Structures are given as C-alpha cells and as structure tokens.
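Sending over a structure as structure tokens; questions will come in a sec.
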Amino acid sequence: MRKYNYKLLVGSLVALGVSGASAEDRKPIKVGVVATLSGAFAALGQEAMRGVEQAMAEANGSVSGHPIVLTKASSDATPDSAVSAVRKLVESDGVDLVVGPLSGDEGIAVKEYAKSHPNVTFVNGTSAAQDTTLRNPASNFFRFSGDGAQWMAGLGRYAFTEKGYRRVAVVAEDYSFPYTQVFGFMTEFCALGGHVVSKSWVPIGQKDYSSVVASLPRDIDALFVGLSGADAVNFLTQMQQGGIEKPMIAGTFTADQTILGAKGRFKKYFIGTPSASPVADGLDSKGWDDYAATYKAKFPDGLGSPSLAAYTYYLNTHALLDGLSRVDGDLADGHVKLNAVLAKLNFDAPTGGDVHLDANRQAITDNFVTEVYERSPGLLVNHVVRRIKGVNQTLGMEPAKFIAMGPASRDNPSCP
Amino acid sequence: MMASRNLGAAIAACGLMIVLPGFLSPFWLTQIAIQSLCLGMVAASLSFLMRYSGQLSLAQTSVAGVASYALAYLGPNDVNLGPGWSMVAAVPAAFVISILYSGAVGTLAARTRGVNCLMITLAIGMSVFYLARQNYSIFGGFRGISIGHPQLLGLAFNDGIPFYYLCLAIVIVSCVLVAYLEETPLGLALRAVGSSPERTEADGYSVGVLKVVAAMLAGALASCGGILLLWYHARISPGAIGVSSIIGTLIVAVLGGIQRPINAFLGAFLYVLLDNYAIDLAGSERFQTLVGSIFLAVVVLSPNGVAGLLVWPRDGTKALARVKHCRCAARKERIGGPSSIGQ
Amino acid sequence: MNQLALVFLNGITLASLYFLVATGFSLTFGLMRTVNLAHGSFYLLGGYVGYTVSEQTGSWVLGALGGGAAAALGSLLLHQLLLARYDGQTLRQALASIAVSTIVADQMLAAWGAETYQIEPPPQLDWTIVLSPIGGYSFLRVSTLLLAVVAAILLWLLLVRTRLGMMIRAGVDDSSIVRALGVPILSVFAFAAALAGAMAGIAGVVCGSVLSLAPGDDTHFLLMSLIVVIIGGVGRLSGAAIGALLVGLLEQFGLAYLPTYSVVLTFALMVAVLAIRPDGIRGSRGVA
Amino acid sequence: MGASLSVRDITVQFGSAMVLDGVSLNCVTKPLALVGRNGVGKTTLCKAIMGLVGIAAGTIELDGRRVDGRRPEQVAARGIGYVPQGRRIFGSLTVEENLLVVSPRAAEPYTLERIWERFPRLSERRTNLGTQLSGGEQQMLAIARALRTNPKMLIMDEPTEGVAPIFVDQLVSLIADICRTGIGLLLVEQNLRVAAAIAELALVMVNGRIVMQTPTSSLLDDEMAQRTFLGL
C-alpha cells in the first residue's frame, strides 16, 4: 500500500506555451497512475512510470488545451494495496482517469472497484489477467494491451510446426499469470496434437530449483519455462548445473531483457529459445525504432530497450490521451463521450499493426513469436520470427467455446 | 479518581468517534477511519496477549487471516468455494475456527516467552501464509477468495457510514469487555501471568492453561478484526497474512504503545495515515525507510509508543511516574528474561 | 534411485548454505539472548557488496572477503550502537532489529535496484564432477558443502580449543554467571556479533555465486535461520547443523516429490519438533 | 588485610513489587550469615550486590569504593566472588574449563595448581563435563570457580542446598578454611547448623528487610525465633 505522489505540472506549463491563452480557460484533467514503486517489483513500476511519461510527453502534457495533471500512487503488487492506492487517487486526489495497475490480480481487483465508480474511466497498465475483461467486465475499464494468453499467441504453433516439438514439460511459477501463459501456449500446442506431459508449478521465490530439475521427465522434446526475475535466473543456472540439455520454450517474462541482460552462466542456454511477446527488442520497423529511440533519449538511465511494462503503460496512456483529444477533453455526463470513443478507438501501435477493442473493451492486437540470438558476444536479443496479426482474447476461438474451456489454472488445460 | 477520569476520557473518545462521520469525507471515513479500526483490532489482540500472558505473538495476523479465510470459504463468495452458508451461520463458524486455531498456537507457544515466543509465532504465521498461498481447494491459492459485495439482510454494508458504525460498535464492545475482564478474577490471574509467570505458578495457578485461555481471548479480538477486514476489502488473499502484514501489525501495536490494547487504535491511525500521506510529504520512493525509521525512533525513544508520549503534556509529574512505572515493567521483562531462559 | 541420490545431494548442498547463515544467528541468540531479526539483511548486504567488489576487482576471493567484512561491520555496528544498549531487554532488541532490517532492505533496494545478481564463481570451482551413480554434478555445489564443512570445523576449533570459544560456550550456558566471574562478556558479544555478520555475509557471496541475489532474500534466509534454530536448538553448532540438514533435505525432497506444499513441509516439521521438543532437537545440551 | 562490604539502604523493585526494601549490612573480616524464609529476597540481595539485578536506590561499597551501578564483570573485577544458588556450573564445559573460563582479577593466590591442591577431588575429574559431577562436587567446583577470580569477598548463596549430608561437613570445613585465609564471606544459608558452624553473626531477613542481627548460636537455641523468622 505504498503511495508515491507528486503533481506533474510541467504539462500545464508546456500547454501554456503551445496553445496560448486558450489553455488558461480550460480545466485541468487529473490522471492518476498506479504502479508498484517499492519492493521487489520496483524496477517494473519504474518502467511503468517511464511509459506513462513518454506518452504524456508526446501529447506535450495537455489535451485540447486541457493541462493534464498526473498523480502517482504505488501498490505493493497485492490486490488490497492496488485498491487502496486507486481509492486514494479517486476519492482523495479526485482524479478523473486512472492508468494501471501492474499485476494480474491487482487488475481484477481494480476492475471490481471500477464498477462502483462509473464516473471515472480506467485504462489498464501491464496487468494481464484474462478475467479483467473476459468475465464480468466493467463498462469503464479499458485494456489496450493483451492478456497473458494473448501474449503467447503463435508460440504453440511455432513450437509444434517449426521446431517439431511433440512432448513438452512445463516449469512455471505457481500463480495466475503463469497459468494464463501456459493456457495460451497449450491452447495452440494441444490443438495441433502436442502433449504437455508434466507441469511443475513451483512456489514463487524459491532459491534452489535443483531438485525440480532433477525430477523433470527425460523423454521430452523441450521444456516450457514460465519463470520471471530471480526465479528464472536460479532455475536456469541449476538447469545448466544439472546438465539438462533439452531445448527451452520461454514465457513472455522469461526471455525478457531483464534476464537476457543479466550476467551469468545460464545465458548461453538461451540461444535459439523461442518465446512470444507483444514487444520484441529485435523488431525491425521504423515505428518501433522511433519509439525505442525516444525512450532512450528521454530516460538515459532506463533499460537498453523499453520493457514490456514501459510499453504497456505507454500504450494504454497513449490510447487514453488519444481518446481524450478526440472528445476535446469533454468529460461531461460521466465520461459518456470519452468511453464511447475509447471503445471504438483504432490506432497504430509502435510495433506496427493496429490496436482496437472488442465488445469487452479488450485489445485486439498483434503478437510476436521471437527467438533469442546472440547479436554480438554476450548480447542476447529477441528477434522476430513471426508476427501474428490481430490476436483477440479468445485466441481466434468462438467466445462461447473459449469461455467453456474454463479459467486457466494448474490443471486447465490438460493434454498429457 | 483516576478511574473516573479514565472513564470520562473513554466516554469522550466514544462520543468523538460517534460523531466523527459528520466531519469526514467518504475517503477519510473509509480508507482512514474504518481501516484504522480494523487494523487496530488485530494489533490490539497482540497487545492483549502481551498484557495478559506476557507473550509477544506474531501469529495474530494469521489468526485474523484464518477468521477471514474461514468466513470467505464457508460463507457466500465469488469463486465457488465451500458450502456457501449464509452469513448468519458462517460468521459464528469462522469465529469458532479461528479461536480454535488461536488456542492451538497458544498451546504450542505456551512453553515459551519473550523472543522465543516471537520467533515461533512468526514461523507459525508464515507457515499459514505459505499454506494459504499454495492451497487452492480451501484458501483459493495465490489469488485468495473474493467475496463480492457482502450483504446482510439484502443490504451491502461494507462501505461508508453503516460499516463504520459496525466497526465502531465492535471496537467499543470489545474495549468494554477487555476493561471488564481486567477486574475479574480471571483478568487478575491473567495479568499475573503477564507480569510474572513464575510467581503465578507458585501461587498455584496453571500458567499453561491461563496462557491458552489468553490466546483464545486474544484470538476473539483478532478474529473480529479479520472478519471486518474481509468485509472491508471484500477479499482475502495471502498477501494479507504475509511477512509484511505480520510486521505491519507489530509496528501498529508498538507505535501506539504495546502495554495497553486500546493504544493499538492510535497506532493503527498513525500507521494508516503514514501509509497514505507520508510519501506525499516526503516526496520519495523510500516509504519503507521512513516507516522503519519512525518505528526505530519509537522503539528507542519511547518504549511505550506514542501513547506514552501523549500523556506527558497533560499532567507532567503523574505521567512521569507512570512512565517510570512502565519502565520498571519493561525492566522486569529483562530480569525475567535471561534468568528464565538461562534456567 | 539416481534421482533420489541427486535430490539428496541437492538437499545437503542447500543445507550447507542454510548452515552458514544460521550458525551465526544461532550463536548470537544463544549467547546474548538477542534475536537479531536483521540477520537476513546482513546476508544480503554481504552478497551485494561481494558482487560489487568482485566485479570491480575481478576476484571472487576479494568479493567474499569484502562481503564478509561489510556484513561483519554492519552486524557489529547494529550490536554496538543499538542492541548492546538494551542488554537484557530482549523484546526491545528484537523490535529494534526489525526496524533496522526494514531500513536496510529499502536502502539496498535503492543502492542495488531490484535486479537479480549472480556473482561469477572462481573458474577453478565451476566445473562438472562425475559421480559414478548419478552422473555429472556441479562441483560448485559440492564446494559449498566443503566450505560448510570447513567452516564448521573452524568454528568447532574456535569454540573448543580457544579461550574465546570457552567464554562463548560458557556464555551460552549461563551468561549472567560468566559475567559474575569477571569475564569481559561485552567484548565477547561484540566479537560474536561480528562473527555472525561475517558468516552471513560470506554465505551471501556463496549463495550469490551458486544461486543468485535478489530483494526478499533477506527475509527468506532470516526465516530459514529461524526455522533451523527452532528445529536444531539455540546456540549449538550441532543443532544448527542438524537443523540445516533437515530443512535443506526436506525442502529439496518436497520440491521433487510434492512441489505444491514443499514450503509448507518445512514449517510443518518445525511445528512437529516444537510440539515434541520445545527446545529443539539439540536443545539444552552441549554447545558443540 | 580483610575486605569490607557495605550495603546501605538498597531497594529493588520488580514492577510494582518491592523485593528489597532498604536493606543495609556490613560484612567485615568475619563471615556473616544471612538467613530467612524462601522468597524473602536473599538471592535478590546477592544478585543486587553482583550487579545482576539493578537497584532502585542505595549504595554498595567494597573497601570504600562504590560497586553499585557497575556491570557484573566489573563487580567481579573489584574483588567479589560469587557462588550462585543452584551452583550453575557450565554444563558444556569440562571441570578444568569451568575454572579456566574465569577472568581472574589477580594471578595469585588461587592459581589453577593451588586449586587442584585444595580440591583434589576436582583434580581427579578435571576432564569430566560439569554436568557429570555429583551435587557436592558441583558445589565444590562453584566455590573453586569463584576462588579462581581471587576475590577479596565471597558471596555464597545456599552452598549446602541439595548436597548429600555426608558432603555437608566437608563443605563446611572447606568454607571455614577459606575464611581463615582472610577472604570475607557473606553466606546465605537455610541450614542454621551450617550457618552457625561458619559464621558467628547472622542477619535475619523478612519480606525484603533485615529485621535483626543476632549471634548464630543464640538463633540456634531460640526455637521461637526460628519459627517466626525461618519457618522451621
């Protein structure tokens, strides 16, 4: 429940300069941002704020003459703290619009909160739980980024057809985000006839996975690894120590720059590993290069390439500001105009391809299958091997059929 | 005379709390006032145990958590877990379960005191946390159990003024009961256990049994807090009973002044304020450093918490005497500590 | 069979790490009756400083020495500035150490960020040893076991063969009588605090080399130390060894055969030991 | 030579309970016995003198130098040796280590050799662990350990408690011998016969106060006083 809050008034000053006297007449619009700014996820929260600031800078800090006032708040990645932070933004700081939060279960909790505050508009941050929008959505909660399953789009097919894997074992952290990622991977992989022979759900924050490594089945073609941060580093190190030579398939946060950029012996294990993500640091396109260059110029102390957290917060804030400018900053009658425009919004993402929303206000957007390669000695990068266009939340399936598959869990889906 | 003044102060405080909603914005009422009452309740159970069995238990957060989980599981919830009993049946059942759990912890910890007790209860609390995080069939795993909008007689009550009065009523009743207990033979025996277990044992009481009784009474307080917190958040998840929450409860109790349960509400108020607003003032991301420093300052400067500081300006000399008295109480622990551990 | 042996080996190598961290905690607890809840912070501090030093100098050994020294200094400062003032007020000491651990954790986050670090191990140790029934096994892990054994022997010699060790053992038995016999126990306390810090710091460097370093490890290793001490008994070298072995083995066997509840198993063992032997398996016996 | 211990008006409080309430005594050259029922504060007085328990008021002097407010190790360094109630031998140390761990105030006269001479029985068992000794042997070790600090003044808290009767006489003559070497002694003793054999004078303690000073011989004969003050 940590909160960090300061008013970014730079925007209003810039606005005065740019649009002259008209800005003075227009009421400021208050935007609240929730991310995890302290604790173990602080690095992600910092990235998230960079994404918001980059989108703000693009809009010169104002929309149609309305200065945008930014208020920041921090959660500790638990749903209770996210709601607490959002409640303070909405009820104490009086923001009109909220961007965030960072993690999946926080997203679901904030969506529930959104239902009781219909006069505030919420756009998502990085949070990627399916049920933020799939089941019981809130009419004022918009997500212009994918969910954990969408981020896996294309990977199952690629592993089956291109890599020729038939039997795969899964090792992933024991909570909802990895369930969703495995769900996304397996939906494709199992449909093609692949088998996931075993799933090892390991507790978060485990230091020593060597016995998990020891108990992996040996008759597999590849190993799907859905771990993040220190867990991934530990697991991969112990895998290397344990002499496991099976190829790997990586979850979105496993082949992330936070790990590829880390120092350690496990890294050579990564080369050739397929993964999937809505961003790819090796993406070769003008839009992405421009976006990444702006990020680097604006945040010299940032990462080598904008992370998924920065990108998703950027994307959602960008969409929100875009929508605001289309309604000329009109928030009358409970944001009725803004919400209508956001629901119909269609814009090009920096990664190329367009972003628009489905009936549940969930993004339909492109996804990438990537493969890790060594660009120069020691420098690992994801390069794009497939672009999957227009991935929707039901992964191309009939919505009713998709929902009938049930929510992602330890045991769902299953194709041993 | 002291007693009558205390009574007067208590009535004034109650009166103030009763008219408070008239002056508070909805945000202050919900996020600050209600949360302080709920957290204060859990922390008060910690102080209660300190006073009535001389044990510093870090398992109180998990007792509250067990009450939350039991009610969420047994009662109506959003995740299709449990029998879905009505609130009327589920609330008492949750109480029974968490008080039994509290008694079990008390039994395990009864043979320990001081830091041993702290260490063991911390470990027990953490084991419940891990169990809750890993188990889906009862605890709902990592995501926990969401209960939607709790309703009683068709009314949603977990928000705003009605919920505030519900919390306040429970807090006041608990405080009155604790004050009443203080003067009963049981209360006197428990206080004796709290201040000198050896002497109480020598007087023919069964200290072990009394400690378990104290644990169950404290469990009742913590359970009230846990149930209110469940309604407040409309959800219980493992984070609420994890290590930072456990330490948080301890900080609340110490901040307010651990020697009296009622101080916990003061501690909770300060903690919640700090949680919400300190960073606005400090303008830094180092919230934990700030909280840690304030906590350290209280431990170093005023072992009796903020309540110990507040009595100073009111009547200097008497307060001084009282503080001295309390210091002696603190030293007593020191005397009892090494010799009892050293056997 | 292979797998069983492998998991067993994993268990005892992990136990070595737990032993290195928990011994100092156990000794200071036994000697001074101080539960230093900032012990985990010194573990992590040692690891971070070790990382920075070894990055700067390219030497793992210097890193280990630097990490150990930094943690020893931190632990000594905490003891001299804060804990020693409240000699005998065990609860106040525990509370003060909690406050310090909160502050130190946040400051480490500020200084080293939330990234995961791995320390480059000495190349002489980073190879695969062939153990005939199991196959290849990381020598690095075997060397942690060796290190723990060496550390245990050195500690044992210190405790049994030196006058300082005698004072420590007597202090664990009955610190107030030791004082009444004129022993300058405060210096012994300071030494023990620094020793505990140094061991935690070196354990941090070792763990950073074999596993990794990340925020939250401080709490993790503090909890593990608590459990090791509760299971093994306070202030006993053998207790810390037995406790660490049980915890390490249980954790690894749990991960291999019951991953969902592996973390809970450790705590369940602790509760069981508490119920049967409240002083721990090696409680109220000899210090060595 | 001859040390003098002087305690003036000390009080000790545990919380609201007054455990010692203005206790004064003078122990000069000759052994002094302190008698009283269980729980009247005798052990607390010993601990207070040793600095193991804080005093709320009063002064304690050894040979005219204040020792109150000092840490126990400083009190020991000033020359007070302590034989605690229940002996409190270091169980995980050998007999020899129990003696070596002490930090003597001076090297003489009680060197390790001298102690082996004086306590031949301990000498035989020097490699045994403290816990392996009999009650009487443990008591000897506790006394030897205190002597090893080379004190001017000894405080013995119930040295014959729990010691087999045949050992008691040995202990008594041992203690009497020590006193003859010029070391002062404050002896807390429940056994009046022992107290009388060692000390001529006794202080009687009731509820944290010293109520009378009397020759031990007269106390031995006074059944009335024994009943009233000692509960015998």
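A, B, C and D are the chain letters, set down in written order, and residue numbers restart from 1 in every chain.
In this text, a contact is a pair of C-beta atoms (placed from the backbone, for glycine too) under 8 Å apart; a residue touches a chain by one contact, two chains touch by 3 or more.
Predicted model only: the values in this text are computed from it and were never measured.
Trainee: Out of A-B and A-C, which chain pair has the most contact pairs?
Mentor: If we tally the contacting C-beta pairs, A-C comes out ahead.
Trainee: State, to the nearest whole Å, the distance from the C-alpha centre of subunit A to the C-alpha centre of subunit C.
Mentor: Chain centroid spacing, subunit A to subunit C, equals 38 Å.
Trainee: Determine the centre-to-centre distance between subunit A and subunit D, using the mean Cα coordinates as centres, and give it in whole Å.
Mentor: Distance between chain centres: 74 Å.
Trainee: Measuring centre to centre with CA averages, how many angstrom lie between subunit C and subunit D?
Mentor: 41
Trainee: If you look at subunit D, which of its residues touch at least two other chains?
Mentor: none
Trainee: Can you list every residue of subunit A that touches 2 or more other chains, as numbers and ranges?
Mentor: In subunit A, the residues touching two or more other chains are 38, 42, 174, 203.
Trainee: When you check subunit C against every other chain, which residues touch at least two of them?
Mentor: In subunit C, 106, 109, 174, 176, 260, 263 touch at least two other chains.
Trainee: What is the complete set of touching chain pairs?
Mentor: Touching chain pairs, listed by label, come out as A-B, A-C, B-C, B-D, C-D.
Trainee: Going by the contact rule set out above, which residues of subunit A touch subunit B in the complex?
Mentor: 1-6, 37-38, 42, 74, 76-81, 83-84, 87-88, 91-92, 105, 108-109, 112, 116, 174-176, 203-204, 409-410
Trainee: Flag every residue of subunit A that touches subunit C in the complex, lowest number first.
Mentor: Of all residues in subunit A, those touching subunit C are 38-44, 174, 200-203, 205-212, 214-215, 229-230, 233-234, 237-238, 241-243, 258-259, 262-266.
Trainee: Mind pulling up the subunit C residues that touch subunit A in the complex?
Mentor: 3, 6-7, 10-11, 13-14, 106, 109, 113-118, 120, 126, 128, 135-138, 140-141, 207, 210-217, 220, 251-253, 255-257, 259-260, 262-263
Trainee: Within the complex, which stretch of subunit C touches subunit D?
Mentor: It comes out as residues 163, 166-167, 169-170, 172-174, 176-186, 285-288.
Trainee: For a test of understanding, state which residues of subunit C touch subunit B in their complex under the given definition.
Mentor: 29, 33-35, 82, 88-96, 98-103, 105-107, 109-110, 174-176, 219, 223, 226-227, 229-230, 260-261, 263-264, 267-268, 270-271, 274-275, 278, 284
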